[in-house]
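One chain, chain A, appears in both complexes that follow, with chain B as partner in the first and chain C in the second.
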Partner chain A sequence: MNREGMLNAAVLLGLISVPLWAWAADEPFIITLTTKAAVLALAGVGLNIALGLGGLVSLGHAAFFGIGGYAMGILASHAQTFDPIMEAPFLIEGTKSMPVIWLVAVIASGLAALAIGALSLRTSGVYFIMITLAFGQMLYFFAISWPAYGGEDGLSIYVRNGFPGLNTLDPIQFYGIVFAILLAVLFLTARLARSPFGLALNAARQSAVRVETVGLSPYRLRLMAFVISGMITGLAGALFADLNRFVSPTMFSWQTSGEIMIFVILGGVARLFGPVVGAVLFILLEHLLGGLSDFWHIYLGLLLLLIVLFARGGVIGLLAGRGVAHD
Partner chain B sequence: MSTLLLAEQVLNGLQLGIMLFLMAAGLTLVFGVMGLINLAHGSLYMIGAFAAAAVAGATGSFLLALMAALAAAAAAGALVEMLVIRRLYDRDHLDQVLATFALILIFSEGTRWVFGSFPLYLNIPDYLAGPITLPGGIQYPLYRLTLIGIGLVIALGLFLLISRTRLGIQIRAGENDREMIAALGVDISKLYTIVFALGAALAGLAGALVGAIQSVQVGMGEPVLILAFVVIVIGGIGSIKGALVGAILVGLTDTLGGLLLPALFAQFMEASAAQGMGSALASMLIYILMAVVLVVRPTGLYGARA
Partner chain C sequence: MTNLVLQTVGISKSFGAIKASRDITLDLRPGEIHALIGPNGAGKSTLIAQIAGGLAPDKGKVLLDGEDVTGLSTAARARRGLGRTFQISALAMEDTVLQNAALGALGARGGPFGMFRPALSDPTLRDVAESALERVGLADHAATRTAELSHGQRRQLEVAVALTLSPKAFVMDEPMAGLGGEGSKAMTGFLDGLRSEAPILLVEHDMDAVFALADRISVLVYGEVIATGSVDEVRANAKVREAYLGEEV
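Up next, the complex of A and B:
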């Protein structure tokens, strides 16, 4: 096992042992904190497919995070008030079942990613960054000015949604669900990166012209990557909403996009565990620095600046050496 | 709907557009000449507004406040360029996005630290307060009309600067081929600092001018920054003319959409639903405009490069 592999194993071990210890020591707050880190890591893993594998610098992934969140919020709020979402032409009712909500969140954010990606991928470089940012912002303003689901105030869900056979209100059981999803998605991402699709996508990032000459369409590869990426981030959004039992337009805000990107960069772009390390570090910093000073964002900013200017490859790059990244 | 209201909204749209132009001009220059995407441009807008509010509070003079905004934003711009931005020119866009995002965090929290979380207020000076009557009987605030005037004068000045002066020639040459003008003996790093400070000063001025009609608070720059992005995507990155046309298009679309869409929906929906739906769609309208422009011309209306 190389150093990156050992590091990844250590991170996984930490994600298993810390919550278990907190459970044994009756520290539910630490379990919740770890759950938050795992959910945000999942959002980062989603972005990493577009960013790391596809080279698509999307500054609008909050759109999918928010859509996932609102999928949960809308379905659960209708179930909460027993008011069907739609009666004609056929009846659609709200639901409090997590698997159904996840499915809806993944499909909705996938469709949004298809539309946003199809338009944005007509461009590249700076245009792409600005356009994804603008689409994210468009949904943000839509969420604020649409009064049906809370508008600016957001939506509260009083009881966490259910999962068959588990008590989701117990922090450790909810963490188990989140962790299992994170593991499954990490496994799928690792498979995806080595699949013919992943290899072609990687090639399109490095040289789109060569990919085109062998008869593949970089546009379609990228669009596919963008859609998969959006779906995963959307799923993370649904989980994040369930964690807080609250959805608000903030999930759509461009700061959210920036933060998801920070997870990826802090950990290391295009590394399988990069977003996981990044999200854990972010939550740790938020918790530690936030306790020290109200203005902890200054330190976060300085740290981020130093990493971008002097430590390319993120934390994993620093610890595991540069050679491992397939750059 | 009365024509008077419509005319007033058109003027409001123009005013918003002109202020967006001041932001977008700096962004598009910096991108055109240095190839840099600067998310922290909104922070310079905020710095201008805060400097103006602080100086106006201390001296009571609006003109001094505007000078302070220009000076503070230009100084902050030059400083940031020399300390940070300079190291980013050769990096890819991802690094630029992240480093300038980090700068936003630092600037925003720094400002909150110095000035506190409560918004400051910048008053319109007495000689610009109150409405005036325009031909056709339209009552319009003098201050907003002055903003349109100042913006148009600056736009004209910027065109002359770019097309008529030595600095303008260097800027245009820098857009085309930076190695060549460096080889011809132009101090390229000084040129970059000047261009960046110029863009920063324009943003700071816009912040101070708008600060007098809105409140001056931390985070005020980012919504404007994103609108300015939409503007330069529509206009074409690197083109000052595109920035002006795009800014006025966005300003008018945003203002008129908020007025006309709810009225349009009210034709075939009940009033409250029409209001909600109309205003929700109106808030998305400029992004839809951007999407349409992109479908027709992926490099913007006046963009040359792919």
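Up next, the complex of A and C:
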């Protein structure tokens, strides 16, 4: 195993042992903190497919995170008031079932990514950043001005949603769900990167002309990547909402988009575990520095600046060296 | 005239005051190597870009296999059988040589992409890619990162990727550049055999190679084709001697 592989294994080991230790030591707060890191990591893993593999600098991924969150909020709020979402032309009721909520979150954010991507991907560079940012902000203001689901105040869900056979209110069990999803998505992402689709997407990032010259469309490849990326970040949004039992327009804000991007850059763009390392570090810093100073974002900013200037592969690049081409 | 594999009809293109292509009409016939020569800045690369699709002509048409492809994208033209190589390599530099060739095989195969199984363990991609590398003499470098190749080797890889497409026509922009004496000779021998698979429109500076390979030569000067003919005809052409070849012929 190379150094990056060992580093990844160490990260996984930490994500297993820390919560288990916290569970044994009866420290539910630590479990919740780790759960938050894992959920945010998942959001970053989603973005990393667009950003790392596709080279698409999206500053609007909060759109998908928020859609996932509101998918959960809307479905669960209707379930808790026993008030159907709609009755005609056919009945749609709310639900407290996590798998159903995840499915709705993934489909809704995938459709949104299809629409946003289809328009945004006609531009590139700074324009792409600005357009994705604009779409995110549009949804943010829409959520604020939508009184049916709490508007600016957000929406509280009183009981965590259910998963067959598990007690999701038990922090360690909920963490188990989140960790299993993160693991599965990491596995699929690793496969995706080496698949024919990944090969073409990777090439399109490096040289669009090359991809066109062999008869493939960079636009379609990128759009597909953007949709997959949005679906994963949307799923993370649903989990985040379930973790907090609360959704609010903040999930849609540009700060959220920025934070998701920070996870990726901090850990290492295009590294499989980059967003995981980034999200864990972010939560640690927030927790440690946040306790020392209200201005911890400034320290985070400095750290990011250093990473961007001196370690282009993020923390993983720093520790494991330059990435190697597959095979 | 459907037996013309590739044809340009009255192509013109200006960049501001520069007339890079002036009413260019030329064609590529089955089995031939048609060399396009001319001094630096004559408009050879510009013409290639209009044929392959990166650049839209101001006037005129490009026909591939008798069909007008002027309005089609680069990708659509590639799918219809145009295999292009670039003067300045356009390759995925961070990827390995084999990955670049496999990308060509993937483009040629078309159809839905797999998202789960590794591209390089797909024999339909890997075999096509490896045999193309073998043919241009890059088999030993399959696992090398493309950025680490010499300029000449990148040119060879460009040719290998074009081979994976099994095109109807090759359009090559200076495939010998940077190859050196031995490499040029090997590439000359290779292209010589390749013409029976698909005709080649060959932009080349290496006159030894051009004279050894070309069935026909077109001479481009200031965006204009001033002569087209066999090697001997072009060598004997007074306008060509004056404008371009000078004393060296």
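To be clear about the criterion, the second predicted complex is superposed on the first by the 322 of 327 C-alpha atoms of A that agree within 3 Å, B and C clash if a C-alpha of one lies under 4 Å from a C-alpha of the other, contacts with A are read in each partner's own complex, and residues count from 1 in each chain.
In this section, a contact is a pair of C-beta atoms (placed from the backbone, for glycine too) under 8 Å apart; a residue touches a chain by one contact, two chains touch by 3 or more.
Here the structure is a predicted model, which is why all the values come from computation and not from measurement.
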| item | value |
| --- | --- |
| Touching partner for A:L7 - first (chain B), second (chain C), both, neither | neither |
| Contacts of A:M138 with chain B and chain C, given as first, second, both or neither | first |
| Contacts of A:I283 with chain B and chain C, given as first, second, both or neither | neither |
| First, second, both or neither for A:S217, with chain B first and chain C second | second |
| Partner chain(s) touched by A:F197 [first = chain B, second = chain C, both, neither] | second |
| First, second, both or neither for A:A108, with chain B first and chain C second | neither |
| Which superposed partner A:V18 touches (first chain B, second chain C, both, neither) | neither |
| Residues on chain A lying within both footprints (that of chain B and that of chain C) | none |
| Chain A residues within the chain B interface of the complex | 51, 57, 59, 119, 122-127, 129-131, 133-135, 137-138, 141-142, 144-148, 254, 258, 261-262, 265, 269, 295-298, 300-302, 304-305, 308-309, 312 |
| Touching residues (chain side chain A, partner chain C) in the complex | 188, 191-192, 194-200, 202-203, 206-207, 209-217, 325-327 |
| Residue ranges of chain B touching chain A (in the complex, touch as defined) | 31, 37, 84, 87, 93-95, 97-99, 101-106, 108-110, 112-113, 222, 226, 229-230, 232-233, 237, 276, 279-280, 282-284, 287-288, 290-291, 294-295, 298-300, 306 |
| Residue ranges of chain C in contact with chain A within the complex | 52-54, 73-76, 78-79, 84, 86, 90-96, 98-100, 102-104, 106-108, 110, 113-120, 122, 125, 143, 145, 161, 164-165 |
